[in-house]
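Here you go, one structure.
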Amino acid sequence: METVKDFQWKKGITVKDYVDRLGNVGFQSIELKRASEVIIKMKKNNAKIFLTFTSNMVTSGLRGFFAQIVEKRIADIIVTTVGGIEEDIMKALGEKFRIGKFDVDDVELHEQGINRVGNLQITTESYMRFEDFLQPLLKELYDKQKRWAVSDLLREIGLKLDDENSILYQAAKNNVPIFCPAITDGSFGFHLFLFQQKYNDFVVDVVKDFGNILYSTSHDEKKGVIALGGSISKHHAILSTLLNGGADYAVYMTTAHKTSGSMSGATTQEAKSWGKVKDESDIATVNGDVTIMFPLAMIRVFEVLQEENLLE
Amino acid sequence: METVKDFQWKKGITVKDYVDRLGNVGFQSIELKRASEVIIKMKKNNAKIFLTFTSNMVTSGLRGFFAQIVEKRIADIIVTTVGGIEEDIMKALGEKFRIGKFDVDDVELHEQGINRVGNLQITTESYMRFEDFLQPLLKELYDKQKRWAVSDLLREIGLKLDDENSILYQAAKNNVPIFCPAITDGSFGFHLFLFQQKYNDFVVDVVKDFGNILYSTSHDEKKGVIALGGSISKHHAILSTLLNGGADYAVYMTTAHKTSGSMSGATTQEAKSWGKVKDESDIATVNGDVTIMFPLAMIRVFEVLQEENLLE
Amino acid sequence: METVKDFQWKKGITVKDYVDRLGNVGFQSIELKRASEVIIKMKKNNAKIFLTFTSNMVTSGLRGFFAQIVEKRIADIIVTTVGGIEEDIMKALGEKFRIGKFDVDDVELHEQGINRVGNLQITTESYMRFEDFLQPLLKELYDKQKRWAVSDLLREIGLKLDDENSILYQAAKNNVPIFCPAITDGSFGFHLFLFQQKYNDFVVDVVKDFGNILYSTSHDEKKGVIALGGSISKHHAILSTLLNGGADYAVYMTTAHKTSGSMSGATTQEAKSWGKVKDESDIATVNGDVTIMFPLAMIRVFEVLQEENLLE
Amino acid sequence: METVKDFQWKKGITVKDYVDRLGNVGFQSIELKRASEVIIKMKKNNAKIFLTFTSNMVTSGLRGFFAQIVEKRIADIIVTTVGGIEEDIMKALGEKFRIGKFDVDDVELHEQGINRVGNLQITTESYMRFEDFLQPLLKELYDKQKRWAVSDLLREIGLKLDDENSILYQAAKNNVPIFCPAITDGSFGFHLFLFQQKYNDFVVDVVKDFGNILYSTSHDEKKGVIALGGSISKHHAILSTLLNGGADYAVYMTTAHKTSGSMSGATTQEAKSWGKVKDESDIATVNGDVTIMFPLAMIRVFEVLQEENLLE
């Protein structure tokens, strides 16, 4: 039986040591260490790993971390929302997002052409340069073929980017598909619409992409889900593993709670009802802000895998 | 200056009286009354009203209430997630969803073929009967045309249903479009995929539907958003009003908080940064469970509008 | 097996009808109806009922509702924090609390001598008039005896007030003791300190009051806890029932979640570990804002008890 | 203007490096870094520092960390709830707290004599050994004097303990007073009551202790508050600084939100209404689980202060 151990600071303590000790501290710190363990288990057992995140995490500096996770071959399949796609591209094009505060004068921000995402800020200009990038690219892709599955489209875009910190770039380079079940729900969607106005036979085929995510894993493979935040990215990964017999491992990190019955707050306990996850040691739900929690858990994963020569 | 007033029970107190008094109680009760006021203002000023909700609310008994709101011509445009579409159809086909508990043995539930959504339960059989309904219908629609915008597809389905309590039925009947930006993220998506396997030229055109939501309101019209819960349904409505000059009124109800920088927790304060909402009296954010909060606010809207002969 | 039922508005719907229907809606609405049932059960089975609340609820208009609950003999024992005591007295002295907003300029408020509690506001003058009331009263009580248990002190204050909507007044009149385990944690504490500076043998005996709460119920009596919000008021009631063999019924309403391991977020599930609550039907945890949730549940309690002639 | 920077793992990354980078990540990670900065500022400007925490954090392994913070002379005044006192003593007496899960069979736990605090567990035996320790000690203190201010009582207990990881031990040794405004709200209160039954002239003087916390800082000194979680410990520290002209610095960490109007969720924005905190750079509110967040912020404080030879 594990017991609580007093935590104390030692000079120069590393993140790995810190997370190791969190496992004996209490409440969410214990769940965080468990999450780290489950991800290591996924990797050691050669599970195909779905990594899902919402767009606000790409607005944040986690964007480069997700790219690194893809580059280090931890994630096999990415699912995200379109805002995350847009902002990854903007950053690859050199845009800088500003750090502000949660409580600000939003009318004043608007007058300055600044859009707020919590305590982060994106200028309207960034969206304009994104448009300048996207429209000619869509024409180029249209010239190749008229009907595109979303993940194929995103792969082509990734190949055009030249940024080691870009999720789309690393995914394209490492053959990791990116799924985005609501590709029109953003500025991207508006540009697709403008393009289709000119080229009516241009089709974004979301139904075909459902097949792509389904075939990205098989019934016989072990499957793991790392779901950061809620939304359709989380749901889409779960749905896809479910149709292939259920996930074997699941880690959820979110600020949402299960009390509202929402997908965002649904726990890994629910994962048991998928039918394959039987063992408590294979699931973990961590409640809290992903921008702090996820790197903590994941840095420990990197360090442990590297010690054991399991990291690419 | 409004002041706090002691609340006291009176025998037979109506919901309208109750919500009236909540405005002088404190904390979220005040915001709830404000939300009710903002919705009345939307209606009196002939705003086009977007109503958005997540699928778990359709799992709940709010489904019939949404149908009534459409029937009473409060909502002009609906945005939701595909789970909500599926479950509205299941209920129209006669399926019953069970009431359980949040803390249950999920492994046991799975063995019984029961899927849990918070404290509600849907049998796997319900999904099977949904499939039996959908496949022949897709064939029928395919025979009409090969390429379908999502909202057009959903309208056709609504016309096939025969249930006054159905959202799709009432929407079809009252010419209220239903938008669903991630139509493949559910059982529905799987059936579309199976169908497309047989009929490869069957296309669900999400890009065209972006145009439909854009043209559902104009730059000159007043626009209001009632967003219940977060997710892409909320985001899609906001995006669509933004591209038409911004919403004039906004009511958000959610259990999420703004601290995580997520779309789900973003407040109507942010609405000011859209550029049109200038007046504090035109926005309201209510924090709490929508299954309790929303009917309270909305019942008062119904009663006030009826008193003034403004309800259809 | 209960099933989900579509909710629909009917003209003039009463709160009782509304809450009845909430039991078939979903998520927290179901828990709210359950809470109402558990409270009715407490009353019908003659349980001694502890009602606990935090001071912000007394800042709000729930104050008059709590007074009514005492007057109607639903609550047998009150536990609260000292802010609630202070503000009940202020209101009895005629002070008005203002309704503002959550997002305001706090520096400006300070310059105006206004103190903010969420979206409510208390002037510094109200605190000054409270002082003018309290100091002579303390002298009067001191002249009677030097050593006071807290609940005895509060009873004496209640007898001095003349306000049907006052919790202290109704409690004193109906022999309902009010316990306040941290009587010094507020303006009240400062005034006690100033008084003791002059009269060093004046003693507030918190230890004796522990005996009073312990003897307020017996081991053999049935006991129920209605805990609104968290804090020491909730904990003190639970502790007191625990030492008398455990509560038979428990209803918790709070915005806190269990994930942090805090008392505020602890659920009634935990109540089972007290040893007496065995049956699921005797406990309910409702997550959400008490200013909306609690009157809903309680109005139904009043109406049902009155219908059955069980209300005084 | 600070901008978002992509975070990437580097082998062996230290906690200090990690928190440094969090300042450019986003959402709560930025607030966490700010909290760390504010605490360093408190120390460099010789502020008297109030550290407040709730009992569940002492149940957790943060207990040893709090002791270290006292030993390193970061905190000048401690405010906590009585559960924290009890559990610090239990641990000093050799008790081990177990690590379990949030979802367990509470009836079974009860039968085994195990009490649950979130995912941690305390045996009933631990409480019995606490009683064996406390009763003779109370007699010894009573023989010295009959009337005790709470903080004096806690200091005497601290002097009896022999555990470097004990908060009470380090506080007593370093002349850091511990205030506990609701000393009877726990097992401790029950033992005080039993003792007073035998020795009626034994008095715990909470009013006198209000003077002690008031005189622990002066109007002219700079004052800082680090409030972990909510409850009366947070409120008592704020109240005490308020009566001495207001705090100059404030850091709040909590899982509660401001929407309910509760003390637990009140932000440092409110601190501005105290009248002294004028500068945004002197306050920080971090939302999240303290068991993970607080050591992160504080380790950086330790490392920075040590680098600059400011740590004892």
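Per-chain residue numbering starts at 1, and chain names A, B, C and D are given in the order in which the chains are listed.
Definition applied: a contact is a pair of C-beta atoms (placed from the backbone, for glycine too) under 8 Å apart; a residue touches a chain by one contact, two chains touch by 3 or more.
Predicted model, so just to flag it, every value in this text is computed and none were measured.
*Asks:* If you line up contacts by residue number, which pair in B-C, A-C or A-D shares over half of them with B-D? Let me know.
*Replies:* More than half of the contact pairs of B-D reappear in A-C.
*Asks:* Which is it for copies subunit B and subunit C: same residues on both faces, with over half shared, or different residues?
*Replies:* Same-residue interface.
*Asks:* Taking each chain's centre as the mean of its Cα atoms, which chain lies farthest from subunit C?
*Replies:* Centroid comparison gives A as the farthest chain from subunit C.
*Asks:* Between subunit A and subunit C, what's the gap in Å when you average each chain's C-alpha atoms?
*Replies:* About 44 Å separates the centre of subunit A from that of subunit C.
*Asks:* Could you tell me the distance, in whole angstrom, between the mean C-alpha positions of subunit B and subunit C?
*Replies:* 36
*Asks:* Could you give the separation in Å between the centres of subunit C and subunit D, each centre being the mean of its C-alpha atoms?
*Replies:* Chain centroid spacing, subunit C to subunit D, equals 26 Å.
*Asks:* Specify, in ascending order, the residues of subunit D that touch 2 or more different other chains.
*Replies:* If we look for residues of subunit D contacting two or more partner chains, we find 26-28, 56, 59-60, 103, 118-120, 257, 259-261, 269, 287, 289.
*Asks:* Where on subunit C does subunit B make contact in their complex?
*Replies:* 1-9, 11-16, 18, 21-22, 24-32, 56-57, 59-65, 67-68, 91, 96-99, 101, 103, 118-120, 165, 269, 280, 287-289, 291-293, 295-296, 298-299, 302-303, 306
*Asks:* For the complex, give me every residue of subunit B touching subunit D.
*Replies:* Residues in contact with subunit D: 26-28, 103, 257, 259-261, 287.
*Asks:* Can you list the subunit A residues touching subunit B in their complex?
*Replies:* Interface residues on subunit A, with respect to subunit B: 54-56, 59-60, 81, 83, 102, 106-107, 109-110, 114-120, 147, 181-186, 189-190, 192-193, 196-197, 202-211, 214, 229-232, 235-236, 239, 243, 255-266, 269-275, 278, 289-290.
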